[in-house]
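Quick one: structure below, then a few questions.
We just call them A, B, C and D in the order they show up, numbering each chain from 1.
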Amino acid sequence: MTKLKFYLIILLIMALIFGYGSFFYPHSAARPEGISLQRPSKEHFLGTDDLGTDIFAQLSKGFFISVFIGITTAIIAMFLGGSIGMVSGYVGGKTDFLISFVINLFLSLPQLPVMIVVGAFFGQSIGNVIAIIALFSWAAIAKVVRAKTLQIKRNTYLHLAKSYGASFFYLFRKHLFTEVFPLLLINSLTVVGRAILQEASLAFLGLSDPLTRSWGLIINKAMSFTGIYYTDYWQWWLLPPVTCLVLTIYCLRMIAREAENLIIGAD
Amino acid sequence: METNNLTVTYNNGFTLHPLSTTIAEGEIVAVVGESGSGKTTLAKALLNLLGSSAQVSGTVKINGHNIFQLPAKELAKRRSLEFAICLQNSYELLNPLLTVREQICEVLRKAYRENELGERLAWLINQVDLDSAVLTKYPHQLSGGMLQKINIICAVALQPGLVILDEPTSSLDRSSREEVLAFIRLLNRQAKMSFLIVTHDLSIAKAVSERIYILYGGKLVEVGLTDEVLAKPRHPYTMGLINSSMEIHPFRDIWGIRQVEETAEQQGCPFYPRCTQSLPLCATTMPELLPYKQEERLVACNRGGVVTILQGRNISKSYGKEQIINNLNLEIYAAEVVSLVGKSGIGKTTLSQILAGYLFYDTGEILFDGKPADFRKLHRMKGGLQMVFQDPHSAINPHLSVQEAVQEPLEVIFKKQDPTLIQKALGDVGLPRTITFLRKKVKHLSGGQKQRLAIARALVMEPRLLIADEPTSMLDASSKANMLRLLKSLQNEHGFSMLMVTHDLSSAVKISNRIYLLENKDELREITDTKEIAPFFC
Amino acid sequence: MAKNIIAFLMLSIMLILAACSPSQENVASDQFNLSTLKLAGGTDWGAPNPYLHDPRGPGTAKMKLIFDSLLEADEEGDIAWLAKDWQIEGNVYTFTLYENARFHDGQPLTTADVAFTIDYYKQFPPVTNYLDVDGESIVERYEVVDDQTIKLIVSEPMATTLVKLGSFVILPKHIWENVSDPYNYNEAEAFIGSGPYKFGSYEPATGSYEFLANGDYHGPKPVTERLLFVPVSDPLLAFDNGEIDLTDVPIDAMEKYKNNPAIGMIAKENDMGYKLLVNMESFSQFKDVKMRKALYHALNREAIVEKVFRGSGTVGSAGYVPPTNYFYNENVLKYDYDPTAAAAVFADQKIAVELLISNTADDVKVAELIKNDLNNVGIEIQVLSVDTKVRDEKVLAGEYEFAVVGNGGWGRTPDYLRTLYSSKSKFTGSNPHFMGPLGYDNELITELAESQLLELDFERRKEILQELQYEISKEVPIVVLATKTTYVMFKKDYYDGWVKTYDYQQLEQNRLSYVEKK
Amino acid sequence: MIINNWNKTAYHTWRKNKQLLSRFIIFLCSFLVIYLFNFFVPRLMPGDPFAHNTAQSGQDMHGLSAEELLRLKAYYGLDKPVREQFINTVKGNLKLDFGQSILYKKSVIEVIMSRLPWTVYIMLSTLLISLFMGLFLALLGIGKPKLDSYILKIMSLLAEIPAFLIGVLLLFLFAAKVSWLPLAGNLTPFYRHTGVLEYLFDVFRHSLLPITALVLNMMPNFYFTARTSLQTILRKEYVFNAHAKGLAEKIIHYKYILLNALFPILARFFLSVGTCIGGTMLIENVFAYPGLGKVLRDAVMYRDYILIQGVFLLSTTVVLFSSFISDVINLYLQKDKLR
């Protein structure tokens, strides 16, 4: 339990720091006031980017946007993938056939062009971004959950419970949930990381306003700055967002792993 | 094989207490015990297979090498060659992705060259009557029984000196079980292979083993020749185990050893909580495995084994000139039901009343708990001796209320009435415990109720020996069955011994552990094997 | 089990370290100054022949290394190349070729080849067809005087006619006369030209090209025996590693190279620029010039140069043509950054606009600055960033309110003023030089823009263009934001013969950079 | 007693074939839908291949006149109504003619065939090395809990680092410092290789960086699968039984532990072909490696519909086929649970 708290605390600290950054920090994340590409100083904690906008402010605003996008996408993908996977694994027969056909379809869809097409037609909003990323992530989760449900279904205790006339919801709550949930949790968490990064590429494809301050965008802008590696700008423009990103996702993954151990106990 | 105080302690607290034994070459030993008694742990520990989950100490020498000092490679080389184990059967004992042939040949290759494999393999599989088509199959395609046979073949393939079989027959049907046992006997005779067979089924031990180890709670409680131990168990647990094994007593109503909820960990004899002849001493001291009298037997019990509660030596009695019983001998051990049967009028009641101390005897000697019986004290003490008479009507004063009748002995001896004891006694015998019933006069009770009341009165004194004279003769068939069941359950529950006099052999067989037949006034013998009893039934 | 895996790994690492890289020996070649000259390649610009090369700059330049045209241009103006000299009388252009001009297979190059090429281009138009204006060839007919001289009679002489006649490349008649489908013809003969370099090899997958020096070339001697275009992951790293000899240098990395004596730098001044297009059909209030001037005042264009171009470039001239251009008119009107004046104009208008931009990095930065500036003066901006292709299509179709467009070619002769501002010529082509102001027409500007094309006299044409710029700076139909200067660096001691032309900034696409200077 | 087992196994094989058949039908239907999808998605993408990309500085263009546009469209068959285009494409594809690429002015097959070997080389070696390393690290961790948790932490950290970052980091940290390590391309340009060995070695040297980047990206999830499946196998009784039989350590490792752990890992191997395609394309662009990734990026940039169709058809078929194989392996794997 202590390990779980440890990672939660890290996330909390980050949220506090970035909370300060978004509300109390004097510089705005949108307007470029400072001199461009300034070194981190007392005034600008993490220096400024090429347009002169303060990076720490951008990171703070980005934290909430990116984490929001990442987690909502993961939750949608988790529910969608989880329920579809479980139903198809549990019900079997025709529905299973149909659903695995859809899963296969989504797994092999080429992501890039579809995103461009959707970007061109649906216009800009965070909702679209989340919808598209979730669209491509639920299938992988569904496949894993379906395989697991099939495995569980073979146990006699399920047939027994069924013979007592247990409804699907009872079975779900009592038998399926404990075994499927940790698997679902871990797979959904990988979606968080991917979603944050994909949001950036989607923003560039016109799916969301490229001037927002999500982490993915900051990283993308820093990466596309021609001289980034020859000068030492990368130390305060590229390094912080990447470390924050990797740290956040790593914490989320560890929380999932600890939660898994707690739920099913050390086997 | 030779073990010297082999001890195993698991980190979850279970311990296999120090144990030193030897298995000679060509000897078949059975290890019997309930599940959780540590018999599988013993089997694995003997071959150093316990790995990191347990701390193992002591030495085990096989063919002179202490297998705990052998380097891993050397030990691995000797496995299957000098000693082998066949683990408890499960569907996952064989590699799912290799054919049966491959998995047997794997072992054979340790000693045979490629060209000899086929012939050896053929011999092995038809020993256990398996079709050669099995060889090409994968484990998941075979039934439990067939897997079991294959596992056994793997263990005995290279005819190692010692083979440990863990529950070899558990998932086999009758005919395959016979085949396996025959195969074991064949190997034992032909190849001088010694076997250690771990089982919970006494009939297997009886069928094939020469010596038997009885294991309880990680402690070796009794060791001896199989036939002798089964006939005359010396340790309370062994007796309880044998009494409750259907294979040995096909006709008897089977009662297990009494169950007691788990008590906290204690150092003393593991069997203490369920032992019927336990002393406070047993709770603290761990009994040693000591030889039992002169017999070729070892017993680990603080009281030296099963206690003989009552011993009657050459008792004779005559009314005037007429000799009733002449020079009879009889023994009653602790926590067993003995029946005394015989034609009516042959002197059964007389003998029972003599033994119960209600009738003087001319010559002979009666010992209670090894000491000459002081009947006066025995009738007035708890843990003494009580008697239930044949005719309930005369045994209880009809004018007393139920409560007065039951508490009479307490009132007289201990000068106090203890309503809870009364309630419990009545509850035990299945009589109502309401206030109205307690006040009811005895004369209003039926014959069955009176008899139950008599028993309640006897049990209030928590006797160590209860002698019941024809307790069911006055009862109709259904209350007779209930009475017999009641007596047996009370005996099993409280752990006292009971001598039941009856002329009805069928009820005797149903509930008693041993039966004495009084053929005539000077001939009293014990009927043991079922053949004699059978004619009375079929 | 794990032990023998580790052993295997150690073995493979040893293998790598043991082998040293097969470095190319850089032996100096006796005949030419350099043995190899390496430039950044990596993109596949098509096979270097008139029918297969990619229409954009690098593709055409590679083709022109192998195929010669009649004329070429240097810093001052047009110079002789295949044609020794040329006369113009009315609509008759006479060219006399060098006698010793030869194709790579030894065949002499004569006016017969020139004639054949003109006819062949009529039948099969090449990828960049200089001879074509609005669908038909500008050469009405030609007269072959003798092997060296040929008269080309033009239907309507214009200022650009000489450059066009001088630019089309000559095909060897003896090869192409029996080629029926030039678009799929890529045998070895298809790459026989008469230029200073012969075709070496072309690897489309890696976008690498190899050109070999043409020993007996009639014109100036090639400078290097092998000219290579090699794939590069990061140009600067490759330059440091010596994999390439010339590369663009980002402004921020300039300090590192500026004071290094061995490194030479040349600027491509203001060759690439950004402009803000206003759709006056849907926003008619911007038809009023006062509103457009207010836009100029509202935008801090100096910040764009500072922050987006990292200080290397100039604020856009209201006359569109950048200051470093040969035809620039200094006294065009200037509009400085005056947000309060602009705010006064827009104060009560409550304008809300969607700004269309492409999703490249610089475009997004420019958009961000513009958004902030216009928000300050009271114009609400919603940025729509789309794929570059989508932006071009929307602008050409007029589906935009404001749009930011950036493109190259501002350093050329400003005929693009005609295709942008003349009501007759704008929107006739598909590239940004045709994206004029939508919903705005001006008689005087259109008349001036069209007349400069027909003006044959160089000086007179320059005056018209400068007057045109002045008129444009008065009317400001397009808000010119800023132009960018990029720098190119090369190893001075290895080779520093890089030259630009009066009309084209890209020195690595200029044939003269690869031949010895007179 | 033996007889009833035979029909039991017959029943199992029948049921397995039925599942196999249904998996195959899913594969076919998905392929058809993907084929349709492949045809329409590029055409739905706004922007047309003949309008030129304008933004790069220094590349001015001569505009294509209107009727030149028409001629080009006719040449590529894009002027006909969409329905007709579809029929022609289907007819063409059946004859394995995938049309002419607009960007490269060559047949799509030719473009793909020239680039495919490089992409396949990168992908296959990455998949194999990641599988090998993942398994090796999982094996290393068995039985040494401290080391195992240490490796687990590193791997989960590595799994989080985005793919493009690994590529760039490798490029700038290693390539800049280690001079003999080539930065880009698949071969030393225009170098006359004397022997085949030297050619192969040159290919190897150039592919070192891209493959390392991809392996660092793919290895974690192989490691996780290998670790879980190894740990379940180790707890199985037949491994204990093998030790009890005194079989040689080598036999136990390979024929008992590895053989049984291999199937779930193989299933994961085929499943991750899909993700690997995405990763390879990214890395090809970072290291200018001439694979299908670069082709696809340019094709999408210039809306070369025909080439996009060809490349996507190939990649989706590969992904579909590999997920089909992984299903088959999973089915085959269930043999020990069919009781």
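By definition in this document, a residue touches a chain if its C-beta (ideal position, glycine included) is under 8 Å from a C-beta of that chain, and two chains touch if they have at least 3 such contacts.
Quick caveat: nothing in here was measured; it's all calculated off a predicted structure.
J.: Under the touch criterion given at the top, what is the topological distance in steps from chain A to chain B?
T.: 2
J.: Hey, which chain ends up farthest from chain D, C-alpha centres compared?
T.: So the chain farthest away from chain D turns out to be B.
J.: Using CA atom averages as chain centres, what separation in Å is found between chain A and chain C?
T.: Chain centroid spacing, chain A to chain C, equals 43 Å.
J.: What whole-Å value do you get for the distance between chain A and chain D if each is reduced to the mean of its CA atoms?
T.: Computed from C-alpha means, the inter-chain centre distance equals 23 Å.
J.: Centroid from C-alpha atoms only, then distance chain B to chain C, rounded to Å. What do you get?
T.: From the centre of chain B to the centre of chain C is 104 Å.
J.: In whole angstrom, what separates the CA-based centres of chain C and chain D?
T.: 39
J.: Got the chain D residues that touch at least 2 other chains?
T.: Correct list: 46, 172, 249, 337.
J.: Residues of chain C that contact two or more other chains, please.
T.: 234, 386-387, 390
J.: Would you mind listing the residues of chain A that make contact with two or more other chains?
T.: 116, 120, 229
J.: Just spell out which pairs of chains touch, all of them.
T.: Between chains, contact exists in these pairs: A-C, A-D, B-D, C-D.
J.: Residues of chain A touching chain D in their complex?
T.: Those residues of chain A that touch chain D are 97, 100-101, 104-105, 107-114, 116-117, 120-121, 147, 154, 190, 193, 197, 219, 223, 229, 242, 245-246, 249-250, 253-254, 257.
J.: For the complex, give me every residue of chain D touching chain A.
T.: 22-23, 25-27, 29-30, 33-34, 37, 41-42, 44-46, 156-157, 159-162, 164-165, 168, 172, 274, 278, 296, 300, 308, 312, 315-316, 319-320, 323, 330, 337
J.: Using the touch rule from the top, collect the residues of chain A that touch chain C in their complex.
T.: Within the complex, chain A contacts chain C at residues 30-32, 36-37, 50-52, 116, 119-120, 124, 203-206, 209-211, 221, 224-227, 229-231, 233.
J.: Inside the complex, what are the residues of chain C that reach chain A?
T.: Those residues of chain C that touch chain A are 234, 236, 250-253, 256, 306-308, 310, 359, 361, 364-365, 367-369, 371-372, 382-387, 390.
J.: For the complex, give me every residue of chain D touching chain C.
T.: It comes out as residues 46-48, 50-69, 75, 104-106, 111, 114-115, 118, 136, 139-140, 171-172, 175-176, 179-180, 182-191, 193, 198, 201-202, 204-205, 208, 249-250, 253-254, 286-288, 290, 298, 301-303.
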